[in-house]
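Right, one structure below, let's go through it.
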Amino acid sequence: MPLIEASGLTKKFRQAVKEPGLVGSLKHFFTRKYRDKLAVDHIDLSVEAGESVAYLGPNGAGKSTTIKMLTGILVPTSGRLVVDGLVPSEKRQQNARKMGVVFGQRTQLWWDIPVIESFNLARDMYEIPPKRYKENLGQFTELLGLADFMNLPAGKISLGQRMRADLCMALLHDPKLLYLDEPTIGLDIAVKDSIRKFIRGLVEERGTTIMLTTHDLGDIEDICKRIVIIDNGKIIHDGDLRALKDTYARDRVIHFQLARPPESMTPICAGLPACEIGSDGLRLSVRFDRFEHAAGEIAAAVMPYVEVVDFRIDEPEVEDLIRKVYLGQLTLSPAVEAAAMATEA
Amino acid sequence: MRGFRKYVSFARTSLEITFVYRAGFAVNMIGTIFYVVAMFYLWQTIFLGNPGALGGFTWPEMKAYLLVAFLLNSLLTWYQEWVMGEDIRQGVVAIDLARPIDFQASRFSRAIGPVPFEFTSALAVAAIVAFAFGGIALPADPARAGLFLLSAGLATMIKFGLVYCVSMAAFWTTGTEGLTVGRMAVQNIFSGALIPLVFFPDWLRAIAAVLPFQGMISTPALTYLGKLDGPTTALMLAVQAAWAVGLIVLGRLVWGRAVRVVTINGG
Amino acid sequence: MAVRVAVAARLRPARRLVYIYFRCLGQQMKAILAYEADFAILMFSAVLVQIVGFAFIWAIFQRIPSVNGWTFWQVVMMYALIYVTEGVGSLFFEGTWRVSQLVYDGQFDQMLLRPISPIVQVLAGAVGFNGLGNIVTGMVLIGISMANSPIEWTPGRLVMFAILLVSASTIRVAINLGSAASAFWIRTPWSLVPTFVHQLGDFAKYPITIYSLGVQALIVVAVPFAFISFFPTAYVFGMEAWSLAGLLTPLVALYCLFIAVVLFRIGLRRYESTGH
């Protein structure tokens, strides 16, 4: 029984169409013309308990609209949506008890009072049993390193600290479901790592279900196993992240630093027929399919002809992949899901 | 004269902004109208029960007084103490310090900008109310009307000087709303906006005489109605002018002090 | 025993709401106390406003003994009731004035994500300490005018007056809440409609008999400010024709509260279906 089950979920917005200028305003005053915008177009989504799902899409694709429907603050136009046995928009407060929300751009903490007071308020709002509250608070304080600023108001702590406090606040009531919206935005790399590690721990130890929307692909790689991509209100991909990479992000690049420019490229190119080779003065780059060749093979093919001073290997970037999908250069096929099944088996 | 142009553009920009926020402006104006209308009904009832003159005012004169007070109070409403607070908060003050402009003059231009808009709107509303309640007293002759306009102009200068001075407090506190409310309360009583000063006991009138507020409403309104004789009118206008100048000078002095505080402490 | 448990169980949600309201409000108070100088100024200014108004009424009654049969202290009481209830609204329910901004910013969503009624969150959302100045000054004026009332103050009458005060405050808060719901239809950073409606209260500072039928209908039926000031005053001073209406005030209060909550809920539904 999936935790989140959506079928044919649709959200249609009516936008007033107004011509520019004074004439347009006057016209609009008398006869209103509307245009329907299908923000979310009959999507089907099924999330099991304990899954960690990345929900991606270009801006305006329908991501936040979907999340708003899932969290119950937006009423769907049509379709079926059940989250843990409840229809979110109908039983909003009950649904709110089962979920935690962390918005990167906005905090759930009260701005002017010490962080600990926000937590205490959360305890009362969610009716957390005192013992459980103490346990969770203690655990999260330690894991997230909150002790230093627990008594400071949210307005006076750094972004990284606020994010950690927000995470704690979202989890104090043991929600089954955690929605994260840009949780690491604006943070430095060390803090990003510790937050990602923490979230991973949640999935592994508590079995919390995670829905992550982000533009930071590092977040996705670190936290999520499954990736759902939405564009123009429709889900264009839903499947295993690793399989996705294996199918589409197959390239690695080796960069060689040379002592002298190569005398001739011909022998090198001859030895690496399927590869993309680029040369720029003292630098030589080889782009190869990582399933076809090992890095050692490439090196062996190159080194007899040049003197290598240093080299570096670039791993496949999900970033490029996603960018291509957004730009329409790449259409993902169901074959990826098949590949996922295969690798699992 | 080239220097003058930038202040004109300040004024024009300010007027445009007021126009953009006309919804808010309209709502504010309508809110004040409720007050005026309530006053009209109140005084109407009073005059009905006590025919003749009260405090030397006939009913048509009282109506005129109330509307003149309304009109003058409507001017410079955009410019209040919060503007200074906002400017400080947004760091505009710091930027302006680095510019070749006179701070007070720039504030004045921005305050004056919306005045034509405020004036015409208030005049239109006042006309409607006057018509609804059966007409008001008008100035006896063009000379009187001219003197009234002069007095009104001076009243506006006093208002600007006053608000500017009070708004200086924004450099030392964060709450300008309280200051505005307080200033308006004191202003309302001592300017004669609530009720002509003649209705108050002597001791209160004596205090009002040495305060600038009188010149903001009472003097122009009384000039309009011709309640003051020649020499007194001249005197009151001179007092108005003196206060206007005095407040503006005071504003410049306080500003100088505030700037020193800001630049030393790093605004 | 079983009955007691059952009753307690039914009361639980209501008690919880009240408890949560005070918890949230308490936190707001702590936050505000951080800005001491501000609230001192605001409070002082609020007191000043009432004193000035009092002086105005006094000045009028120096020349005339009564307005439409209403004497000085009666008018003072009406006037003070408007301010006392405004003070209660500011002190305990200032949150209604923030709704416009929250909806405009998109911050209102936060309230919908919590497992608590958004209305309670709105009501507990802010504290306006200037309200304290209004309440104290207003109560002093009311006290003095009660002392100058010709009627006898039996315990029953006092209790009734207390009920009227609470009812009047409820009406004020209901009006604020109901007009705050306009934020779901008209998106501005400032509270446009609530301010507009609030100004209507100016009419109710004076005996409503001075107004035309239209104005009377406005402040008695449409937005019942008259039940905040005029009718309770009529009751206190035993003004025959009107004091019966004064007794209606608690009912009017409940009615206003009901309408306000309904309006707000309709607004919420609109917010949830049209998005933001």
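Order as written gives the chain letters A, B and C; numbering starts at 1 within each chain.
By definition in this document, a contact is a pair of C-beta atoms (placed from the backbone, for glycine too) under 8 Å apart; a residue touches a chain by one contact, two chains touch by 3 or more.
All of these numbers come straight from a predicted model, not from anything done at the bench.
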Leader among chain pairs (count of C-beta contacts): B-C
Chain nearest the overall Cα centroid: C
Between subunit B and subunit A, distance of the C-alpha-averaged centres to the nearest whole Å: 57
Gap in Å, rounded to a whole number, between the CA centres of subunit C and subunit A: 47
Distance between the centres, which are taken as Cα means, of subunit C and subunit B, whole angstrom: 30
Partner subunit C, residues of subunit B touching it in the complex: 23-24, 27-28, 30-32, 34-35, 37-38, 41-42, 44-46, 49-50, 54-55, 173-175, 177-179, 181-182, 184-186, 188-189, 194-195, 199-201, 204
In the complex, subunit A residues that touch subunit C: 11, 13-14, 39, 65, 68, 71-75, 89, 92-94, 96-97, 101, 106, 108, 110-113, 117, 121, 124-127, 153
Of all residues in subunit C, those that touch subunit A in their complex: 16, 19-20, 23-24, 27, 30-32, 34, 107, 109-110, 112-117, 269, 272-275
Residue numbers on subunit C that touch subunit B, as the complex places them: 35, 37-46, 48-49, 51-53, 55-56, 59-60, 62-64, 66-68, 130, 188, 190, 192-193, 195-196, 198-200, 202-203, 205-206, 209-212, 215
